[in-house]
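As structure tokens, the structure follows; a few thoughts come after it.
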């Protein structure tokens, strides 16, 4: 335990800086830029039971300070992950979060079961992917289904369970409470916002699936609000993300109520951003004589003067 | 009638380029930059029955390609508007849209009644303001209340009625259908997205009301998706807005299904943007031999090849 | 108020944080001291919003000088611009200082704080050209003082706050509070303006203060730049810094937000 | 693959749309023809994403040249940068052309389209230094041809497509299809690569094509730059242009997206 240690309701991170699923692969590429042990956790690319090829190209649209993606959960499948990626990630002193996805509730149960006896530290139940035909985000917009998915996962595993929520809802608090009630250990949010682009030359949506997910600095003010709202609605800890690009952003999320933060899109812009954020948080705490990161979590919800 | 004329279900605009409520005052300032007759319509600053002082400062936060505002419907009240602003706006060959707001359903009814015999061309029923204590956005997130507000307005007026929707909902189609069923003539969307900023020095939310509304280029991909979704859900026409900053953006909204578009935040960045958008649309149509703007509306929903 | 193009004709480093920038217009550019311009910093919209900067000096009929302190993205980028670059701006904006009630013969006090001296420069130049002589000027700086040219033809004092361990407001309180000023004119950080207002309101000496507030439009339409002012005896209302100000009388502003 | 800082040492206008830019590194920078770098264009994140640009020429151990066509925000801003500016980039990236299977003695065909000539320049230089002589090169241009230096020491032909009313692919079809090339190497617009692939696949002549796709990360993690390729006899899968390419064999790519 040190001043940066955070306890996500059973999952202990060396520090609150993590990286978001789908923006960090399985860590190999970034290990060429820095020591992955500097990260509190790595949430790996979204996994499914079987290999997925993903969506047709184009999959990427740049917007003003944002990125629309329609990758569609391309991944090598959970077996490949277990065999080839876990051993590599285990070389580092960081927590491994397996981001799991299903077409239906059964799939989530099977994924949880399959990973139960494997060497991962937490399962991140993604009920918020906007880029797939079945399941995905739909599960995250209905509190009952969200509840059921989480219940099913917990019936099939003793692992620490994080549930990843979508911001494309009227009232995030209802969903957050449902997954808390179902027994989730922690919540991560936000996944991407549904967005689109139309090609004015072809006069058609650019993406084959029309709608993609918007991430990046553009969404930061919105994501922060979701974290702030959820903080006061539930007791379980939050991993906050959405547009974080520097340590000030990260500190905002922590003050809003995030026990840990994840960097997503900005990893593409500055591969070193995660470690720079760590350093920035350290400086912020030192400059202000803040003893432990815990003192900062959720502070913006209480502070009066 | 010319090639730019659009018929918003009874409200005929000379052209599809309008300006968004709250970003254009009552037109006086912009009349120093260009002839307001070049606009299809002007939606004036949100009005309430009585004068409103609005929220404490700060009211404005700049974000990456966006703007969070917490103005809080500061306005001189509907009587002042009728007496001092309508006569000025009537000097121009453009449609006047009165953006009306209430704390409760009665207020909306009274506003509609009061404006019924005044010289405005349409009422824009704002059930989507995130910056007020009572009513506002809450009305726009519940299809039943939205229905009731619109019903009440229509019981009190024969004017053309536009309903302005909030994007802070799980399923915009449900809300859009409710207001269509209630008898709205047209829908405008989107209003701002709920967002926030925390001051890492004071460790508190920057805004007195904590949450404000995000607008500007950052939200364009999201707003466009809402217009696209609503287009296929209802038959009444749409005024599309949200982050429009140039003619390409405007054309995207039209292709997505907007019969007219509104420029908001970008008026602050480039006061001439609305007329430049008009010119850009004209060039686009001429270059491609498109005879009337109507041919473009919603095209991205149909086009196959 | 016009949307104009200007050319950067000079950029000079004053110190680590502050620089001056000259802008040249095609036609004559007329302004009143205390007015400002709203500059589009980035062709690529980052930052998105324009930045308000006071007009600090008239160089010629069609050339002005700004005095700018680097704060964040916007001002950092302005510093990096090249001579000859075209700049898009709206101006002149705001009301500037109210000089019509002043008389040449009676003493005036002018107080600046840091970069707040920018609009005071053009104010002092204007007063000088109108033949004012009886002016005390005090400017306070956290760090090394700068920009005394123009001020120093009057009774001028610089307070190096860190070195002297005293705020400019304390200097005024200790040394100048008993002089029979007809009016005080000030620009600087909010706390300084608040203290000065209180000080001179109590003595019934009118004080004009140039205020800052975050601005989205600069032209009076967004209602973003509201400051709280007194209305009747017991009420308040909001005024817009961009069009009702930036200069207000110290006895109308309510400093509680 | 490294995150590096480089200094812009030269910028030269080639024509209205195209310019060359030289980058100087502190240490030696080693790359293979066909590899690219991913450049951070704007300190202020507009555009947000890096821009992939091929390495067009080795100037010295620690200096390279790029050939860039202005398309939108990113390339427009690159054009405006000043000599001496530091640029943040990741590179070298991708696999480049596969030269190990080639033999010096057998004829090669190289086909470029527009700015697609950029990586072909370094390819040709490499082949030259390896002693290749028997190379036909054809580059097609919509407008006035440019950049013939380096190419013209071989059997070089430029097709001015608008003037001649013929596409570079048609030129190849009409004039070169019967020559016994060991391989073809090409870079240019997708339709050109598609036509060439079909043409040489049918003749069983291996063709290497350098592909483009929108990229978010450039390093293989975002899965954004997918292109469809054949798998087994009847299936397809996706490969990443950034790490599996940008050079692919023409008989593996499926051109239906």
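Letters are used for the chains, namely A, B, C and D, taken in the order the chains are written, and counting of residues starts over at 1 for each.
FYI, a contact is a pair of C-beta atoms (placed from the backbone, for glycine too) under 8 Å apart; a residue touches a chain by one contact, two chains touch by 3 or more.
Keep in mind that what you see is a predicted model, and the values were worked out from it rather than measured.
Using the average of C-alpha coordinates as each chain's centre, D ends up farthest from subunit C.
Averaging C-alpha coordinates per chain places the centre of subunit A 47 Å away from that of subunit C. For this pair, subunit A with subunit B, the centres built from the Cα atoms lie 34 Å apart. Subunit C and subunit D have Cα centroids separated by 54 Å.
Among the residues of subunit B, those in touch with two or more other chains are 61, 64-66, 217. Along subunit C, residues 45-47 each make contact with two or more other chains. Under the stated contact rule, the graph of chain-to-chain touches is a ring, a single cycle where every chain has exactly two partners.
Those chain pairs judged to touch are A-B, A-D, B-C, C-D. Subunit B meets subunit A in the complex at residues 61, 63-66, 68, 141, 168-171, 193-198, 200, 202-205, 210-211, 214, 217-222, 224-225, 228, 243, 248, 251-252, 255-256, 284, 296, 299-300, 303.
On the subunit D side of its complex with subunit C, the touching residues are 42, 44-47, 73, 77, 82. On the side of subunit C, the complex with subunit B involves touching residues 1-3, 40, 45-50, 90, 213-228, 236-238, 257. Those residues of subunit B that touch subunit C in the complex are listed here as 22-25, 29-30, 32-33, 45, 53-54, 56-62, 64-67, 69, 71, 74, 208, 216-217, 245, 265, 267-272.
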